[in-house]
């Protein structure tokens, strides 16, 4: 089975960088794959893809060595398993608030007897190799999203779930949870304290701490803080900010 | 944030008219948007769209001032949130039978601390404006479907859920529930009594009563009865009935 | 090889009715196929399909006994042959103005030694049967469009082309050619005289005269006049006129 | 309503053969439909289709008399009902482990008062006929998948659920459940014992026993054993094995 | 008929700015439409769209006041007319080298008696208004591409074609024509002289001079030089350069 | 620029094997790419793809080292250039009958001053590398199809065209040209003599001789005869023949 390069990067103590895909298109995905991210996360939750397009996007990613990841639409085994069968080497699962929810998530990513994933890795077997079924439980990364107050309170229980590889802080939602404001702007002590608590728990349990960052400054801060799996913006956020800036500049010529 | 025209129509005491989209196509959707409906509901339950096509259809609707609504596939937060992120300004949720189910539905449509919607309004932020996150809880309409005997029995509890803007009678399913017959034809006293009960409860709770109508005559009757959000047939039902009639006529020339 | 039902209808002296497809969608196409037209013409010229969608639409048509036809994008062998390989049993070719253009069109529809169609009937072989290659020259209908003054002047030369099964009057363009006005409204003697001339020539040469009609009244008139292949409006024209009328009616309730 | 040919085959004591569709494409589906299978199962679980493509594939199947079936993504009413509305005449539901799960599945396939399926058979009404709503409860086949140890233990309770037409052994998953190995190779007594137990229970309850087979030899064995609904491989498995063999042969010329 | 805003901008002596679309996707197109370009050119020549996707992209553009333009795949009436029927308000035609080629191009964009465009403005009639047919000849802009040595030699004859609204310098191809090098880098006197000659001819004939620019600096220079229709890069070029830069920056944190 | 592996294979005196793609689907294309062909030809002429899908299929091919080729829809610069911009490393052009047609074809594949290809290698630049524009003229293979009696008569003139890398015998059409029968079955001396003549001319001019083969036996014969670029059947032909055989076998169990 093709090795999970992200697992190796993390095992080496390095930081993995993930691009984030919202555009339901294989051409922009191929450009992202060529830009040098360690992995690309096809975001089914806030992205605009169908499951079928998600598969095609994983094909576009696979034209390079960039590793295909996916954020599932929800903590639902149905969608998680389809993403894995389509070739995702890591699943980021939204809204994991309790140990039970975390177990449900991790179980959906693992074949029995470890979990309850159904066998039928249609495209994964081609992307990864014929022995995929025998090794997938070892190679697939599972990252549970911490993005509510409840999940922060339960962080030690969540992090203790067997087979969980790490957590991923949904910083937008988590900040909203502590501030009640749906905006990235502004500072929040409660939010920062939650992040510290989550990070400390990950280090205690020896699992990876990941986070989504809205800016390069934010990414720098979180990396220095100890986060080892960093996602930045999304493809269409970057596209939007750059074209808005460009049109503004060309207007002033 | 762009105002929700349907909310304004209803606040003015007027009746809002919704077209209903079953055809997974942006061209017929653009024609519907130009026909003069107040809003168009992308029906994920009995329509034939993927979530990705639903987003493209909302783009086609947005070429006009017609307001994009959606009926979710089911009472599932995953699909509801994706439809909202794609730009839906109202969600009609099928099969809401209890207070708890209604709370789950409404919560999925509202950002914390009111609900538990996840933050990431990818296309909605472009369609509605950069301050979408701050005002969405106020603008998005939530309509719970009443279409079972159980929901009629629980109507007062359902209607009392905080944040619920109204109900929407699934008249096909509700009639089936009272008659046991899967057809629009025929009258039913029990069904009419249920409708009266639902309507009265809405008026008591000061929320909107909506209903799906199979014919213009039905729409007229329901409007006079007090329903204020009227949906008629679907795009492909209308298409089918008109082309069948036309072929019949041309055969007789 | 599956017989061409349209050829049989015409051989029996009856009139064939064609629906006209502009919507790039298989669901509306299936509804059209079930409405009772003798054939359905996938219009590549003024419709909104890609060649790939045109093939899928022919699949949708093939769920019934309705015969798949196509209007090519232009008098170009490339597109004509792809439509035939996709299963079209008749080709309506736009803008045939001269004998040479008509020969080029008809040749593109016939295998050597009659014409120069390239062999490779990918889907046609499945739709029509394994012996498609041997009989296609006999079953496929070719209709050249007469829609310019030049083509009316050359009508006898065009109609004399060996292998041409008939002509199809593009009444919108032909009227524009004689009136200089891009609208269906109004009468024109020159236009009517041209139609009479075209019709007389078809009768003289023993080939089929077809025409596109904007209204049922028009269809009645042309049928009585002697046209034997009648196309009416298009799917999206009919859809548009019916939903506009319906919204107008529901507004007045 | 169009009769369910599979129901008739099974009622006649014959064996029904199902092809299995993983390729999200209407052209390969049409080829499969012409190959002579009794039915074709659009596999939403391990296939690569969106719900919208699944509908288009059912159109491609409907160009023949082959019966459209579907395996749902999961035991979720939302997806099951959409597949039925798209025209599926049978649903194979994954991971049915208990009587309650089986009741939830069967209920999703039946209109009230038998079940809780929502009324709105958009394409089904066209494929099957205008009286679909009145007869669908009688014609639609429901097959619950037995693919875990838990489901084998509960087999008598599952098989006793009213309205269940049969079970379908997910042989890949079931073998994995008993061997802990994600591969089709090798024999397992525990697995064979489980199959015998399931089969005996079906015969006792008078319902159909179906199974997925990885090879022709396997299919032969299961048929002789008494299975009456046999699915073989998948479209892309067959495609892959044949092209790999062909390239190997052409390399050696 | 909806007015052509670009025509008004140019009539006012202002400069029109065009974005350039290579990504076959409606979501990135909607972002471009919201960025503030005066018009967006759907590039069929070097972009990656089918004609069907081009239409959907024009819908996405039409969610704003940005004007939809298209560059045709080639100087072929077939594609040009489909783009116009899909709603394009301007056509940029590649490789116009002679007066005859320019006449063929302009004729394809104009209804008789001025040109030979076929009547059937399927989507254009909805986007522009019911009187589209009567006014399209006046509103649609035609820009012939000057991108070979031959076209520069013939520039006065080309610019004299009746109905031509302007020319558009394909600066990449034109530079290649004079330098023999397929790269934007480097200066070329012959190329600059050609540009001056083209510009002077446009000013003499009172038609618009447009040009494609690879950089903001280039755009500034060409605007100062007198070009009035400026296109910059493409959507995927901008996307690619920004994500490459961003990944490089995040790597260095 | 990424090297053209097919060019290297041929330069080494080896035989290159090409798969042939008719199915408009990226998943079957990825399976073909993994099967071990040296290159895969996306057939726009008798395949069922749009240009947009052709690009996505080239992405799927690019997940492996298999080289993407394309057969153009026709000898038209428009389509040829789009396929090259999409990443095709070789073009097989149908119906090249004369020296002039061959020059037109080869010119469409080469940047000036050698040919008249337009500059804008959107995806090719990503697939091949940033210096694509400078080296494409050297790496892209051009194969003219010989499939008419006229082309056989002109073979020496065609083969003498500067920049032509080889010819490709369309054996289906060529046989039809000599036998007048649209079937692969049966022998023909005139056809075999034509093949010998074409092969001899290629050897004289030092260019590659390629051919399409309907069976493995045919491939063996042509390879031994001296053909060095061998294409076999198509994806859907192979799929069809295997599933038909499989259903026949399972019926007999």
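The first chain written gets the first letter, and so on, giving A, B, C, D, E and F; residue counts start at 1 in each chain.
Here is the rule we use: contacts are C-beta pairs under 8 Å (C-beta built on N, C-alpha and C of every residue); 3 or more make two chains touch, one makes a residue touch a chain.
For clarity, every value in this text was computed on a predicted model and none was experimentally measured.
**Q** Spell out the chains that contact chain A while also contacting chain B.
**A** Under the touch definition, chain A and chain B have D, E as mutual neighbours.
**Q** Averaging each chain's C-alpha atoms to get its centre, pick out the one most distant from chain C.
**A** A
**Q** Centre-to-centre on C-alpha atoms, which chain is most distant from chain E?
**A** D
**Q** Can you give the whole-Å distance between the Cα centres of chain B and chain E?
**A** Measuring from centre to centre gives 41 Å for this pair.
**Q** Measuring from the mean C-alpha position of chain A to the mean C-alpha position of chain C, what distance in angstrom results?
**A** Once rounded, the distance between the two centres reads 52 Å.
**Q** I'd like to verify one number: the distance from the centre of chain E to the centre of chain F, where each centre is the average of its C-alpha atoms, in whole angstrom.
**A** Roughly 33 Å separates the two chain centres.
**Q** Would you give the residues of chain C that are in contact with at least 2 other chains, written as numbers and ranges?
**A** In chain C, 22, 24, 27, 31, 34, 48, 50, 52-53, 55, 76, 79, 123, 126, 236, 240 touch at least two other chains.
**Q** If each protein chain is taken as a node and each touching pair as an edge, is the resulting graph a line, ring, star, complete or other?
**A** Basically it's none of the tidy shapes, so other.
**Q** Using the contact rule from the top, write out all pairs of chains that touch.
**A** Applying the touch criterion to every chain pair yields A-B, A-D, A-E, A-F, B-C, B-D, B-E, C-D, C-E, C-F, D-F, E-F.
**Q** So in the complex, the part of chain E that touches chain A is made up of which residues?
**A** Touch list, chain E to chain A: 17, 19, 22-25, 27-28, 31-32, 34-37, 48, 216, 219-220, 223, 230, 232, 235-236, 238-240, 242-244, 246-251, 253.
**Q** Over in the complex, which chain D residues touch chain B? Could you list them?
**A** Where chain D meets chain B, its residues are 50-53, 55, 76-79, 81-82, 85-86, 111-113, 116, 118-123, 126, 133-134, 136.
**Q** Which part of chain A faces chain B closely enough to touch in the complex?
**A** Result: residues 22, 24, 45-50, 52-53, 73-74, 76, 79, 94-95, 147-148, 170, 172-173, 176-177, 180-183, 234, 236, 240 of chain A touch chain B.
**Q** Sort out for me which residues of chain E touch chain B in the complex.
**A** Touching chain B from chain E are residues 26-27, 30-31, 34, 55-56, 59-60, 62-63, 123, 126-127.
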